[in-house]
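I have a structure I would like to understand better, so I am pasting it below and will then ask my questions one at a time.
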Amino acid sequence: MRNRVILVVAAILLAACGSTSGNASTSPSIGGTVSVFAAASLTAAFNALGTSFQRANSGVTVRFNFAGTPTLVTQIEQGAGADVFASADTANMAKLKGDGFAAGTPQVFARNKLEIVVAPGNPKGITGLADLAKPGVIYITEAPTVPAGKYALQALKMAGVTVTPKSLESDVKSVVGKIELGEADAGIVYTTDVTAAGSKVTGVPIPDADNVIAIYPIVAVKATTNAAAANAFIAYVLSAAGQAKLQSFGFLTAS
Amino acid sequence: MSLDASIRLTLGPLDLDMAITVEEGEVVALLGPNGAGKTTLLRAIAGLAPFSSGHVRLDGKVLEDSSTRQYVPTERRPIGFVFQDYLLFPHLTVQDNVAFGLRSRGVPRQVAAERASRWLDRVGLKDYSRARPAELSGGQRQRVALARALAPDPRLLLLDEPLAALDATTRADVRRDLKRHLESFEGIRLVVTHDPLEAVALADRLVVMENGHLVQTGTAADVTEHPRSQYVADLVGVNLLRGEAAHGSVKLASGQVVAAAGAELGAVFVVVHPRAVAVHRTHPEGSPRNVWSGRASSIELMGNRVRVRIDGAVPLVAEVTPAALRELNLVEGGEVWLSFKATDVGVYPA
Amino acid sequence: MRQERVPIVIVVPAAIGAAFFIVPLVGLIVRSPWGDAVTALSAPETFEALKLSLIASLSATAVAVVLGVPLAWVYARVAFPGRDLLRALTTLPMVLPPVVGGIALLLAFGRSGLLGAWLENTFGITLPFTTVGVVMAETFVAMPFLILTVEAGLRSMDRRYEEAARALGASRWRVFIRVTLPLIGPSLFAGAVLCWARALGEFGATITFAGNFPGVTQTMPLAVYLLLPQEASFILSLVLLLVSLVVLVGLKDRWLGSA
């Protein structure tokens, strides 16, 4: 009889310890749905973050909306029901904040670098940014209003390379998609996108000297209907566990 | 030079098996009730309805022959077709409609326009050359349809119920004009109609059709005096019976014997005009040898005549004056006796 | 002239239906930054995009007419095994999400596509990222509208006019050009207008198959999308709207097949 009591007490203690794993909030008061609008380049990483966040907080459901950053800003400003916004650059975040849609101060949670993405095996033999201008190479990039597109133009300018893209896509995923389909030979995306595409593409690194660091801020949306869960998610992203997961997808540390 | 057509086809409930020839110089009217297959036959001659066996030859040239699998497409047949609804092209002017056949056969625009204009003049519609068909009256449209069919100088003219779409008052006038144009047309002419008056007015020879088969052919006089089917008899308005003739009498299928003058023998038709049928309330005295009893099943007042349908051993229609009807004190369903003289009976071989 | 009163059962839904369209348009007009209108409109990209939109949509309509009318004719006049299936397949782009249509075009005409690979290897022709690609994408989504309307027109016309023409000696080609086409004129016109309107607004298939580059493949809808969330994009949308409005109003009832 006493053994059983000890076992029960031990079980309770263990359960209490277990529920403090990671830094995910254990406050039983958060629940409901939290809608996270995140840049397309965060798709794989945030999906994973969402899963572990939900596992730690059984009462919460995380719903994601991934798209090009400018598209997300439009949607939020036109009243779409977002609770959290994760941007791929500071300019778009500044617009959102300047227009009065952010709650509190945005915080940088990750950084990213650019990489050239090509078909598996690099059939056109691209070695660097200069090769993008080689005749016979179909180069595509993101539209300049999309953060990745802006960064790409910066990188090319710094490297002194002039090349006309065949298409300006609406987000990084479209660029990767067309490389995978074989429609284009090369594109500039984030290193995380190359990692996420796995064996379907090959990446050609851009030396740090020519590279651009993309800065990703995150903020709760002012019109959120679930501030508690929104802030909890942001806290999780910024936590050690969240950061570790982001880095496992290839993102650079926040600072 | 003639049209020689023999056609067998099945179209829905209609089984058609007809042979018809039209010689140069005669206008033939194809007469029959609705559903007889007249329009179908006309369309088959034009190449617009496929047939299972038979042939169509015009002036000795084969237009279609199922045994040799020859088929000349409609557009290459030298025909003019006037449709029942005229089918004037609504998006073209009257003159362009008339010129259509010429233009289709390669006549230059200017020449076609002139010839079309002349045709419109011939049918009295010169002032309407720029009008659209929708602006014309029924009679005017009929004339345009005729001009359109005649302008390319066809060899064979086919008219499908040319006056059917007109109201009674215009019909008579248009019929007169049509007769004039038909007479001046030099090719082969075949008119389809369900109106016996029209047939008799326009044609030299009648071909009577019923249920896809030939019933009778002959001049108007032949057909009306010697009907060979109930349909024609009804059209002409006479009583028609069939039987076996022998020695001045005819034995009907019902067993009754009709006394008739004449020396016919064998299968015969018997015709008795309704006016020749006398109606009595009691068994008549005197000479008539053809006397039967019956019941007046219907009494129809038609202007200054009365048609009495009598059912009985020998069912007939009698025609009396309204005064006679009053005298007889006859009502529908009343018992009567009918009689007619042997000399009033027409008998001819079946 | 006395006009019969329209029953309320009709007026109410009709009014709601009209409002459903009018309110968003009014919203667009009201929220547009009219102060920046001149800058937005005089940008060279705007002119390029509008020019490209008009050229591509008109070309797509022309292709749709040349290919679609014969197809509609076959559907309406020729009975052959599998006709219903074929008709369903060629109508599919109407219900397919346009992006999926774009992917399908890539799989067929892209560089590794069924036909695209052969085209590139034999003739050196690539279709994605070209203006021709834009026309193809627009034709793919818009042609079904034309086929549908023309087929309906062919089925409902009185075919005896064609017989009358043949009896007058017209060859089959002449019958088609001089009689059939004029008689289905209203349907053909309506179909072409619907087709053109759909082509003008096409986005998903275009950006997926042809890509997006100013002057080459950036049509107005693409330009608007990529300019978002800048409110200048609203102005551009209104330009597109205005062009369409002018055309549609100018046509009045003619494209609805009035007598």
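Per-chain residue numbering starts at 1, and chain names A, B and C are given in the order in which the chains are listed.
The criterion applied here is as follows: a contact is a pair of C-beta atoms (placed from the backbone, for glycine too) under 8 Å apart; a residue touches a chain by one contact, two chains touch by 3 or more.
All figures in this text were calculated on a predicted structure; none of them were measured in a lab.
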Middle chain, criterion being Cα centroid separation: C
Chain at maximum distance from chain A, centres defined as averaged CA atoms: B
Interchain centroid distance [CA atoms averaged], chain B/chain C, Å: 55
Centroid spacing, where centroids are CA-atom means, of chain A and chain C in whole angstrom: 38
Inter-centroid spacing, chain B versus chain A (mean Cα positions, whole Å): 89
In the complex with chain A, residue positions of chain C that touch it: 106-107, 110-112, 126, 128-129, 207-208, 210-214, 217-218, 225-230
Of chain C, residues touching chain B in the complex: 158, 160-161, 163-172, 174-175, 178-179, 182-183, 185
Complex contacts: residues of chain B adjacent to chain C: 46, 48, 73-76, 79-81, 83, 85, 87, 89-91, 100-101, 104-105, 148-149, 152
Residue numbers on chain A that touch chain C, as the complex places them: 70-71, 73-74, 77-78, 95, 138, 140, 143, 145, 165-170, 174, 178, 181-184
